[in-house]
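When the chains are written out, they are named A, B, C and D in that same order, and each has its own residue count from 1.
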Amino acid sequence: MLYIVNKKGDVLRNCLDTVSTDDVILLIESAVYAAVNKPQPSVLSERISGVAIYALLPDMRARGIDVARCYEYIQYVDYAGFVDLVEQNNPVRSCC
Amino acid sequence: MKISIQINASPYQYQAADTAWHFIQAAIAKGHKVYRIFFYHDGVYNAYRDSRPPGDERDIVKRWSGLQLEHDVDLVVCVSSAQRRGLLEQSVALKVGGYEQALSDGFRIAGLGLLMEAVIESDRHITFGA
Amino acid sequence: MKTLFFIINKSLQGNVCGQEFLDMALMAAAFDQKVVLLFEGEGVNALVKNQCPDGLQLKNIVPVLNALPIYDINDVLVEEESMTMWGLVEEELEISVHALSRRAIKDQLNLADHVFSF
Amino acid sequence: MLQQLERDEYGFLRNRQQWNKAVAEALASEDGLALTVSHWEIIDFMRAYYDEFNHQPNARLFGQAIKKKLGAEKGASIYLYQLFPDGPLKYANKYAGLPIPPSCI
């Protein structure tokens, strides 16, 4: 199952509460700030085993977020990669 | 893959309409079929013909109209969401399936039935919200 | 027939989204799809009895939950963990529900064709 | 009688308290319709449904709800349109003293 998350606060926390093995999370829009772990850890500091987390690179660039300041386990996609994630996973849940 | 899209947020105030737009472009470029975009809740504001963003900014409403023209994507505005928000003039009244004066080119007005039909038809249904 | 999950994880009051969201679920049922309503997180509070939004001149959409069986929506799930978290028991809810663990719900959710949340 | 009622631009009652059977008959007669037992069955159903669920179904749900309550024959479009030729959902609501449903404007 793919979760598309667009906010980093409660919305992302609620999502993290429900994911389980083999799920995929895609951070978009302002949720990409949750990828940052320096100097402060974010809500993503406890990695959930078996859950892949992606961030939408164009939203990172738009916000000037340097990948070097982010959790190493996060993977990055552009919009084409976003489409691939949608193709590879079902169902898709948008968390707004 | 056949994809339908739902947009629940107003343009400019939120990024949802932009994210949806870039996603759709990428999906079409990969050869997927975007079957229908259903504008629901505040998403109906994406259809206002008279919206005029500053000249140096993207014109979200025109973008949607262009998508219909170039790729034959069905643009459907939810009738009850639109009525609630004053998008439909009373004098225009309701012509289901028609092109309304208040709406930009390519948009049509219809009920939730068209959302459901799209969802049933599509391999994926992706919602973009506030 | 497809299986469609409608997830409510916030209050149905205070905005029109709840109402428009339920309209979607009812419409899906009218198209003869299998509709499952899931209340999780804060959303379990949407089911409690004796909500009186009328005092604020807000439309009370709780009663329409009683109409779900008319449209053959018989799967109303609530997450047990959320009920515990909010200190709710089933007797306090407006309609009868199936309380399931987060894990059991997730197993069902993974099999859905489409998932809606608002 | 109709002159004393508060009504919206579509002729629907604004204030449900003003509804009674005679008002319903008068509203229908203004539209050129004489209400029969069959009409009343649908109108009474609308009122009971609204009182119980605080909800107005759209056209598709309306037929389904009637089917459940009154049987498949009466929920069929053809039957409902025979009773209310200009639109069963709209006019059943109108004579029941309920607001105009959103999609009927």
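Note that in this section a contact is a pair of C-beta atoms (placed from the backbone, for glycine too) under 8 Å apart; a residue touches a chain by one contact, two chains touch by 3 or more.
No experiment lies behind these values; they were computed from the predicted model shown.
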{"item": "Most widely separated chain from subunit B, with each centre as the mean of CA atoms", "value": "D"}
{"item": "Geometric centre distance via CA averages, subunit D-subunit C, whole Å", "value": "29"}
{"item": "Inter-centroid spacing, subunit D versus subunit A (mean Cα positions, whole Å)", "value": "50"}
{"item": "Subunit B and subunit D: spacing of chain centres that average the CA atoms, whole Å", "value": "33"}
{"item": "Multi-partner residues of subunit A (at least 2 other chains)", "value": "90, 92, 94, 96"}
{"item": "Per-residue multi-chain contacts in subunit B, two or more chains", "value": "8, 80, 84, 112-113, 124-125, 127, 129"}
{"item": "Residue list for subunit D, restricted to those that touch at least two other chains", "value": "58, 60"}
{"item": "Topology of the chain contact graph, where touching chains are joined (line, ring, star, complete, other)", "value": "other"}
{"item": "Touch relationships between chains, expressed as pairs", "value": "A-B, A-C, B-C, B-D, C-D"}
{"item": "Partner subunit A, residues of subunit C touching it in the complex", "value": "5, 7, 9, 40-41, 102-103, 106, 109-110, 112-115, 117-118"}
{"item": "Residue ranges of subunit A touching subunit B (in the complex, touch as defined)", "value": "4, 6, 28-30, 58-59, 78-80, 82-83, 86-87, 90, 92, 94, 96"}
{"item": "Interfacial residue positions of subunit B with respect to subunit D in the complex", "value": "79-80, 83-84, 88, 90, 93-94, 111-113"}
{"item": "Interface residues, subunit A side, partner subunit C - complex", "value": "1, 14, 17-18, 20, 90-96"}
{"item": "Of all residues in subunit B, those that touch subunit C in their complex", "value": "8, 40-41, 80-81, 84, 112-113, 115-117, 119-120, 124-125, 127, 129"}
